[in-house]
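Below are the structure tokens for one structure; questions will follow.
Going by the order they are written in, the chains are A, B, C and D; count residues from 1 in each one.
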Amino acid sequence: MSATAVHSLWTTAAGPIDKIQAPDIEYAQLAPVLIVVGAAVVGLLVEAFMPRKARYHAQVFLTVLAIVASFAAVLGLAEAGYGTTKVRIAAMGAIAIDGPTLFLQGTILLASLVAVFTFAERKLDPETHGTKIDSFVAQAAAVPGSENEKQAVKAGFTTTEVYPLTLFAIAGLLVFPAANDLLTLFISLEVFSLPLYLLCALARRKRLMSQEAAVKYFLLGAFSSAFLLFGIALMYGYAGSVAYARIADVVDGSIRTIDPVLADTMGNDALLLIGSAMILMGLLFKVGAVPFHMWTPDVYQGAPTPVTGFMAAATKVAAFGALLRLLYVVLPGMSWDWRPVMWGITIATMLGGAIVAITQTDIKRLLAYSSIAHAGFILAGVIAVTPEGVSSVLFYLGAYSFVTIGAFAVVTLVRDAGGEATHLSKWAGLGRRSPLVAAVFAVFLLAFAGIPLTSGFSGKFAVFKAAAEGGAGALVVVGVISSAIAAFFYIRVIVLMFFSEPKADGPTVAVPSVMTKMAIGMGVVVTVVLGVAPQYFLNLASQAGVFVR
Amino acid sequence: MENLIALLIAAPLLGAAVLLCGGRRFDRVGHLLGTALAATSFVIGAALFANMLTKSVDDRALHQKLFNWIDVGGFQADIAFQLDQLSITFVLLISGVGTLIHVYSIGYMEHDERRRRFFGYLNLFLAAMLLLVLADNYLLLYFGWEGVGLASYLLIGFWQHKPSAATAAKKAFLVNRVGDIGLSIAIMLMFTTFGTFAFGPVLGSVGETSEGMLTAIGLMLLLAACGKSAQVPLQSWLGDAMEGPTPVSALIHAATMVTAGVYLIVRSGAIFNAAPDAQLVVVIVGAVTLMFGAIVGCAKDDIKKALAGSTMSQIGYMILAAGLGPIGYVFAIMHLVTHGFFKAGLFLGAGSVMHGMNDEVDMRKYGGLRKYMPVTFVTFGLGYLAIIGFPGLSGFFSKDMIIEAAFAKGGTEGWILGSITLLGAAITAFYMTRVMLMTFFGEKRWQPDAEGHLPHPHESPKSMTIPMIILAFGSVFAGGFFSIGDRFLNWLEPVTGWDHGHAPISATTVTAATVVALLLGVSIAWVMYGRKARPVPVVAPRGSVLTRAARRDLLQDDFNHVVLVRGGEHLTRSLVYVDHTLVDGVVNGTAASVGGLSGRLRKLQNGYARSYAVSMFGGTAVLIAATLLMRAV
Amino acid sequence: MSFPLLTATAVLPAVGAIVTAAVPAARRTTAKWMALGFSLATFALAVLVVARFEPNGDRYQLVESHSWIKDFGVRYELGVDGIGVVLIALTALLVPFVILAGWHDADPLENSSSRWRPTQGFFALILMVEAMVILSFEATDVFLFYILFEAMLIPMYFLIGGFGDRAHSGSDAAAATQRSYAAVKFLLYNLVGGLIMLAAVIGLYVVAGSFSLNEIAEARASGELDMATNTERLLFLGFFFAFAIKAPLWPLHTWLPNAMGEATAPVAVLITAVVDKVGTFAMLRFCLQLFPEASKWATPVIVVLALISIVYGALLAVGQRDIKRLIAYASISHFGFIILGIFAMTSQGQSGATLYMVNHGISTAALMLVAGFLITRRGSRLIADYGGVQKVAPVLAGTFLVGGLSTLSLPGLSPFVSEFLVLVGTFARYPVAGIIATSGIVLAALYVLVLYQRTMTGPVKDEVRGMPDLRPRELAVITPLIALLLFFGVFPKPLTDIVNPAVEHTMSDVEKKDPRPDVEAAK
Amino acid sequence: MSPVNYLYLAALLFTIGATGVLLRRNAIVVFMCIELMLNACNLALVAFSRMHGNLDGQIIAFFTMVVAAAEVVVGLAIIVSLFRSRHSASVDDASLMKL
């Protein structure tokens, strides 16, 4: 049916409409998402019908099972060649099943799994009222400090809703990098954002900060998604479609002459430029790029630390996946327009994150700024616009997410009477008191700093190499300079831990359960393996480095 | 025979190694061992000498290569020795006088608890000095050159608990190092010019390069010689070096080491012969030092420093002679040898006096010692007569030859040089007479020492007097032995060459003039210090400007202090400041400014969600504007 | 496949590090002996490497090559040339002495908790550094080298910051602050250099498509690889900057005095005698070989900087009040000589520079370790706190003097040979530079003798009275070092024979020939 | 009337909404402004849909409405809990975390 026909149909509103054809959905290829969504729904049912006492175990079990199953599905798809030879566009063009999708989904799932382990940790706080408690608020609706809250604590309530919320968020995250049209992009963004807003508000300690973080995250997130949506609207106006392939063709100019109806808008590059800028902004906000980064430190600090780790890892992975797909599939035709702008943003992000981090005094904020700087490094790889660029970014994301979750997991261990002792001064002399924990954290910090033989170095090397090969040598230079600046504050923490005398009233290091140990252990293993012998994973990333169109 | 050459060095080197590393167990026999090994070296030297005498003139040089030392690209240096007439002369002087001084030291250092180490150092010195004169290339010579410098450093500073000794040792080493720059650069120039720095090839191919290059090499060698031989402008260390034990002053700072510069110039004669400009500078340096040392020697009240001034002056003679070219080389060496005898004798005598006078060195506190120390008096007296050139004694012959040679240089230059050497002879006579009179004649002016004991002068033990006697023999007879029948000239001529020049006046006239100068000097000294009517004051009078300046080494130390020491201190201190504030400051400043920037940027993160929204809104606006702008451009 | 000797030489100390670190807290002495044993075994392997090395054989020998990170074009490629061999031997030689000298440096203080195991950590870190340094001398893959170049900073950093000199003036807290300042400065300085180098390493890959020295050299020789002039220069600068920081070259030197001053003497030796050599080594191997044209282009500036280092380092050494800082500045001066020799681009200069690396390692070790023994006895690093030590501890003073004399390059001690070669090599190419550098010998004498005079001579200070002389353990450290100084001073041939052919290769890399003597040239 | 005018209106509404977000302190009002922005988007989508003559834009508008509704649920929950803790819905009061 030609566009003209549709047009007349719409204007006259008469005549019979063709039967709506049932959409053809490739359930097998969407299995990873469907499993998670299904589990999330089951989780809601569990919340509704299970007795309170049993919920925690049921939810944790369900969540872990869902993630593992979903990961198995991803592996199965990859094994079946959906990442390489059988790439395709599924769900009526809404979802792309290709290498980057599967790689990122796998990464997100693994990171989520590790994050869920830290969610489920219940041995950190001194046992109050005979109940093991986790990082989440006893009763979210209770006003902080109120009698209500005390009763909830006394009763040993926990917010087991976090698990279905997390599953919903994971489902959104899984779709986000796979989204193959702008509508799916927007919806999946909202699907993972909304649960995250809530998760941010659910910290057990320092609840005011937690709520503040949620409000800020929510308002700014909604603000940015409004921009994203307006961008989508403009883009739709320009191309007459929200499907990536179609837009890409229009941008390329390859179908310019086909459809006279669209001549008006398609000729109007302002729509394209403004629209793409606004969509970019929406994605850069999620990535945490300067100047759209300002929510990051506050939200990272206020959110419950396991959630912070989850956000910092999984959200970043998904958002970069979406950004990559947008830039590589939709907008390569106008890379002359967006590359200079992205250069500027990359430089600002690398330097801004690193510089502001220097004067931070809170470990979580420090890690937040560090994540901004790292976003800058990854952007350098994004800018390359080469297959190497894609695979280097994929590798970096994989490497980075485990370090991040591991680092935040360590943060949860260092506690004093007020909960987590996040002020840096409290970390003084940690190396003397708990050499092992400090050493592990030092490994993570060295990986952040990009010291060779850690995954951070391999990743950084990969993106810088891609950037240099893509002709962005100057970015590499800025990158190494900001790495040097960044090294300063990582090292400052190491100095503090190892070379300062412990304070008498310093924090204690909690002995966690096997869950957190696994999370941290996995972080260390991945950090070292990807540092020393990254070849296998690089292979994986480079095989996965091609987008389907 | 040539295999023995290495043994010359090995014997004292072994002694040094054993004595310095062997530890306490050698305390009781160390001095004997050291002396024995020094004597061994002398005996081997004598054997080699005897062997050399049996050979024909052309066949006398021996060569021994031990092994290849450095071999990099074209840079080839061997540990190899060359023993010719010139070397053997030095070998005999060094090991002979060296052995005597070892013997002397047995007595002199008897009560020093570190005597073993002293002998170790002495042996080390002998080894290094022999290496210096036996080396067959300049780099190996440099090895020995620095080795004697080290030994000299260790021995001057032997009494390290005295800050003055430690300072003097350091100064000697440093000043010598300045000279070493010269030797280093000379070797480098030789290498870049000739591709080698072995004596034979370098001296043999002098004709193949330009005179300018040879002048440069010559001047650099001269700089080295100035350092080692205490010539102006690097003479300042020698006086201070008298802080060392007296045998050291005798051996190193009178007889042997300080003459190394003369050896260097004579050895490099071929270079200087082809570089008249360099020769001229050598002569000037010699002449200036001759006068400088003599003037300083006149003003010093410290017996050793007076003798040190004299040493400087006498070496000035030698350098001057060496600068004359073939006319003077032989006489420079001859004076060097005779000087070795009488100056060593004089120093040993001075040591003997100090030994008897509670280590007092101020001549104004001596007087009338001839009755108390007869052997010392006689041997010192013979040395005195020799140095002032009393006819018939060693110094007479050797110095006279130099004066003749100076005149024989010819022209105005010859006249000027001749006059200076004559004047020098007169001054020498003056200050040496002064020393003699103040020490052995006149009233007793003895003063109690720090603990209040008056000295009880006494003759020194046999171990000290015997070497003095032997040296006195040398002082008396060596010159005559060498000169009669031109023995020394014939001996060395094959190595150094000889040219009799064209003397404007006859040898007899020169000799007569010399004697007149000598008498003049002695008389003036007698008038000033010898008459009963005018006793020598115990406290030095203020004296004229010149006297005061001369007492302070003609203000050279003051110059050094103000310009080099003070200036250097200021320089280093300001550099430390610069390093801290500027070089490091830039680094720290960069860090601080990044930190400052961080502090300011941090303020943007003000906690208000709305301002974050502003940043996002603005960012988007910029993003859009930039994208549009990019298209427009 | 033959036995991977080079890998084994590097892996052995790494294994030693792990084993040592795993020794229980209470068994400190076991850990020490274990570390010493491993370091000696490593030395034995290094001797084997020297023995297997054919000086006139292939350029790189004992080659090992395995695929490592294919995507980055990175191979695990090892091979040694003459320069690498002598430096490996030096490293393996010095580490046992460092361990022996630092025997008690990391004994825990009484009040420390039992879980903190400083002794084990100290020796494990030293062995770790050794492993990385040795491997970096063996790497013929730029990336592998880079990784080690950076990674060795970490153990070094902990050694400096975690095990400072217990002799300090002022309070413990102030000392801790200074120490961590020194450690951070060390790390950041070197990290900045390393990161700049990283940019250049990546650039090199982009240009050359390989990290293998051999492949790049071949591509260059066959004309396949033709770097644009500006690219080559930029890449060269990136590499050189990192090496110049590590070496260190004026004006990038200011980390060294802090680091050497605050670290214990054995660690200071490790810094200056071992780790810093990687910088100068890399200049020879990587800068000249990868970027010959740019090296020649940059030579004038580098020569000037090296000269400034020589004179400036020496003058600052004269002005120091702290013994260890003095030695640090002296080292800066010496590194100036080494760099001068490398960039003189004559066989004498480069052989001299290589020998200089070895000799400086031994002589600084001797001087610094004796200084460390001295400082441990008195508990102060200030020169002014000493005086008359030779009277109470003559052997200590004597060995200190020998160390000092080797530092001022006295003939007969090995540094003389190398220094003279460097001077001659420089003079042959740049006479004026040669002359200026020669003035360094006076300044060296000045700082050494002033140091000796102020600490060892003069009246015995009260605090020094009763100071014990060197103990057998300390003698065991210092005697072999002095013996080596003497041996190589008189007979450097074993070293030059190994080094000369390697230097000829380097010279042909930069297509330079020694200037011919004037006399021959005239003919 | 040309559909382009709807676009201008949409842009105007979007700007008004954005300005409101930047200027208003009350979290509820801020949130309403965001809703306004979303509705502006809807208007634009519908207008474009009309211009292009296909239904995509209109469908997206429906999705947007659903999303907006979901956002209201989550947003109000968060804002209310903040209000209950602080007895204030001012976004400026929520500035514990800064620098």
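Simple rule for what comes next: a residue touches a chain if its C-beta (ideal position, glycine included) is under 8 Å from a C-beta of that chain, and two chains touch if they have at least 3 such contacts.
By chain, with names taken from UniProt: A = NADH-quinone oxidoreductase subunit N; B = NADH-quinone oxidoreductase subunit L; C = NADH-quinone oxidoreductase subunit M; D = NADH-quinone oxidoreductase subunit K.
Since the model is a prediction, treat every value here as computed from it, not as a measurement.
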Most centrally placed chain - per-chain CA mean versus overall CA mean: C
B-C or B-D - the one linked by more C-beta pairs in contact: B-C
Centroid distance [mean C-alpha coordinates] between chain D and chain B, Å: 96
Interchain centroid distance [CA atoms averaged], chain B/chain C, Å: 37
Centre-to-centre distance between chain B and chain A (centres being mean Cα positions), rounded to whole Å: 80
Centroid spacing, where centroids are CA-atom means, of chain C and chain D in whole angstrom: 65
Multi-partner residues of chain A (each touching 2 or more other chains): 215-216, 219, 223, 227, 297-298, 488
Touching two or more other chains - residue numbers and ranges from chain B: 591, 602, 605, 607, 609, 613
Multi-partner residues of chain D (at least 2 other chains): 18, 21, 30, 91, 94-98
Pairwise chain contacts under the document criterion: A-B, A-C, A-D, B-C, B-D
Chain D to chain B touching residues, read off their complex: 18, 21-23, 25, 30, 91-92, 94-99
In the complex, chain D residues that touch chain A: 7, 10, 14, 17-18, 21, 27, 30-31, 34, 37-38, 40-41, 44-45, 47-57, 59-60, 63-64, 67, 70-71, 74-75, 77-79, 81-82, 84-86, 91, 94-98
Chain B-touching residues of chain C, taken from the complex the two chains share: 188-189, 250-251, 253-254, 312, 315-316, 318-320, 346-348, 351-352, 388, 390-391, 398, 405, 410-412, 416-417, 420-421, 423-424, 427-428, 431, 434-435, 438-439, 441-442, 445-446, 449-450, 452-453, 456-460, 490-493, 496, 500, 503, 514-520, 522
Sites on chain A touched by chain D in the complex: 3-4, 6-7, 10-11, 140-141, 143-144, 183, 186-187, 190, 194, 197-198, 201, 207-209, 211-216, 218-219, 222-223, 226-227, 229-230, 232-234, 236-237, 240-242, 261-262, 264-265, 297-298, 301-302, 365
Chain A-facing residues of chain C, complex: 67-72, 112-113, 115-117, 146-148, 150-151, 153-154, 157-158, 161-162, 173, 176, 179-180, 183-184, 187-188, 191-192, 195-196, 198-199, 202-203, 205-206
